[in-house]
Amino acid sequence: MTQLRPLSALIFAVVLLAIWQTVTMQSLVPAVLLPSPASIANRIFTGAGTLLPNAASTSLVAVGGFALALVAGLGLAAAMALSAWLTRLLYPNLLLFQLLPKVALGPLFVVWLGIGVPSRLAFTTVVSVFPVVIGTLAGLRAANPGQIRLCQALRASLWQIFIHIRVPGALPYIFAGARIAATLAFTGAVVGEFISSDSGLGHVIMNAASQSDTALVFASLVVLCILGAALYGLVGLAERFARRRWRSR
Amino acid sequence: MSRLRGAVSGISAVLLMLAAWEILVRALHISTHLLPPPSDVAQALIDHGDLFAQHGIPTALETLAGFILASFIGCAFGVMLFISPLAQAATMPWILAAQIVPKIALAPLFVVWLGVGAPCRMVFAVFIAFFPVLIATVAGLSATDRGALQLSRALGASPVQTMLKIRLPFAVPHLLAGLKTAATLALLGIVIGEFVTAQRGLGYLVMLAGSIDETALMLAAITGLLVVGAALYALVLLAEAVFARWYGAPIIVGDFG
Amino acid sequence: MDHRHRVGAGIQSHARVTPAAIRFRGVSKVYPVKPTPLVAVAEADFAVAAGEFVAILGPSGCGKSTLLMMAAGLETPTTGSISITGEPMSGPNPHTGIMFQDATLLPWLSVLDNVLFPATIRRLKRATVEPRARDLLATMGLTGFERSRPHELSGGMRQRAAICRALVLDPDVLLMDEPFSALDAITRDEMGAVLLDLWQHQSKSAIFVTHSIREAVLLADRVLVMSPRPARVAHEVVVPFPRPRAPDVADTAEFTGLCAELRAMIARGRP
């Protein structure tokens, strides 16, 4: 990719916001369809009472689901890596399942666990777990054969090879999967709230849209973007920390 | 031969899962309200064939249309951004940021803008799906083989010739990877659109089945979505196979991620 | 035997009537990087006569590839000028054909279409150029492979196709940038024989960049030895073996002696 000229991106955003503000101020577009950036910013403050607790609710489901997906995904991938027959059984099913948009399972979780946090948490976990599993599996498979041969020549145990070679080599892939999972976690949380919920930013958005409070819709979206970016950033930070500790390749 | 063996082993793994599902549900006497066995799901498919036609066809068509539109728009904008490094520098950070935030949450907004109906769902699907195509197009055009670019310069090729005869062909493997992602996302967009518009389609059918306590029907609708997803993905694989023949050499694209 | 060696570059052409196929006059190339500008070529002043095969020999980093890039019009000299058959150069032109270390055949074109690629770019009618392309492929021993794809060919065959492509528009000068470096030693020897054979049948000029002393002496009429820091032509050696030349000239004592002298020159040039 070309060198990013940092200022141009900022200038572009500022210009876009200025145009948006002008267009909406001149009422060229009805405020119901497109509120002005100023009114959105204002709504974030006036609506803080609604936005904050709902943001907390969504974040709980998203982050919780992400964490559970990490644990379950890493565990499943590790189990598959250690057991060839488990891989042969599960991997094709995993690939097949990738063709289905997991969000379609939302109503199923309502059937199983009702409406409420446990249901949405389980749903979010399932939505987020697949990239973790696939990423981890790809990473464990991508182990450097030269390094493994070296360990075998040194008579290292399978466990030592796993810890010293496979895991560090797999880290980039695991983190790539984790980043995708972080994005999907908020998607899952919000979709769960779309389907049936009485709390959370997804619920706020649905409600606000039906009442034509478009400014609140945008305000919620801004908060969601910040939260989503924050989780993604956390994963990125974790990756940088891990890279420094375990330099491989 | 090993590809055939791989396919057979894969299919038998899926069948094994289905068999295990059937046996476990019956043996453990799990309520069919919670988890019906595959046989019940198949029965629901047969019983409500007309429903599946009524809802499956719109979903399939809207997904296909959304995917095709997303591919063209993503590719066109990708080429445009590549041609203008300034536009690329100005917009790329925001495009990459857009990939990180849950764009899905904008679905109700699209209903506010476009009302309940197919246009709303399709525009939303295009919105969700065109980003990976754009990013892949820019990445592919930027990654052209340096030696080939040097050759084209040495031969005195014009920028248009270089783009058409060198950059675009080399970019197609990257583009195909982006199209695979877009296929998945187009369906995702349509399904969420159906959830939110609650008008018609397999996604709507899933919700409907839940509200009338017909879990077998719900699972059948989910299976229908799986079929649509598989069909669209197969379309992209077909395009990939056609391209591979034309390309005439093994294609190696970037690694995972 | 002193007439073979001349320290310092000088202009030498066999035929003073026809203009030199390519002439470098006071050419230098400086890249304006921070903190200190990079001098890729400090000073180059030489000419390649019509029909002459000149090798540019030197270790990595002595600017020999940069000289070739300037001859191809891919880089512009910072000072000085380059002229092709008497006319000043201004960018890539069909009087030069170029070959790189990588054959760079486009994988989606057949071998014949690859050879015709320069004609496609210059929008020439296929019918006018195709016979010549097929002849070249026959000369290079690639008859029967016209419709094959590059990935079906071996490395040596691909470079032979690249030679055909470089010659398809009948250039006056063939420019070659270490074209055989990526090949294994046996194929490399074969390619040397191929070039020697080719030079029997036609009278093009060539600039052949290499870091192989043996290759330079085997193929060239004249060897320009470049030294790094400053990057310039330090020595010029005429190769006295007559043409047509056979590969077994490499087994003669005179050949080995000449290689040894060149090796000594290069070693002296190293810090």
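The first chain written gets the first letter, and so on, giving A, B and C; residue counts start at 1 in each chain.
We adopt the following convention: a contact is a pair of C-beta atoms (placed from the backbone, for glycine too) under 8 Å apart; a residue touches a chain by one contact, two chains touch by 3 or more.
Computed from a prediction, not measured in an experiment: that's the story for all the values here.
Peer 1: Which chain would you call central, comparing Cα centres to the global Cα centre?
Peer 2: Of all chains shown, the one whose C-alpha centroid lies nearest the global centroid is B.
Peer 1: Can you pull out the chain pair that has more C-beta pairs in contact than any other?
Peer 2: A-B
Peer 1: Would you mind checking which chain's C-alpha centre is most distant from the centre of chain B?
Peer 2: Looking at centroid distances, C is the chain farthest away.
Peer 1: Could you put a whole-Å number on the gap between the CA centroids of chain B and chain C?
Peer 2: 50
Peer 1: Rounded to a whole Å, what is the gap between the Cα centroids of chain A and chain C?
Peer 2: 55
Peer 1: Can you compute the centre-to-centre distance for chain A and chain B, using the mean CA position of each chain? Integer Å is fine.
Peer 2: Comparing mean C-alpha positions, chain B is 18 Å from chain A.
Peer 1: Report the residues of chain B in contact with chain C in the complex, numbered from low to high.
Peer 2: 145, 147-148, 150-157, 161, 165-166, 169, 246-250
Peer 1: Which residues, counting only chain B, touch chain A once they are in their complex?
Peer 2: Interface residues on the chain B side: 9-11, 13-14, 16-17, 33-34, 85-86, 88-94, 97, 99-102, 104-109, 111-113, 138-139, 142, 184, 187-188, 191-192, 195-196, 202-203, 206-207, 209-210, 213, 215, 218-219, 221-222, 225-226, 229-230, 233, 255-257.
Peer 1: Where on chain C does chain B make contact in their complex?
Peer 2: Touching chain B from chain C are residues 72-74, 91-94, 98, 100, 102, 104, 106-108, 117-118, 120-122, 149-151.
Peer 1: What residues of chain A sit close enough to touch chain B in their complex?
Peer 2: So the residues of chain A touching chain B come out as 1-5, 8-9, 11-13, 32-33, 88-93, 95-96, 98-101, 103-108, 110-112, 135, 138-139, 142, 172-173, 176, 183, 186-187, 190-191, 194-195, 201-202, 205-206, 208-210, 212, 214, 217-218, 220-221, 224-225, 228-229, 232.
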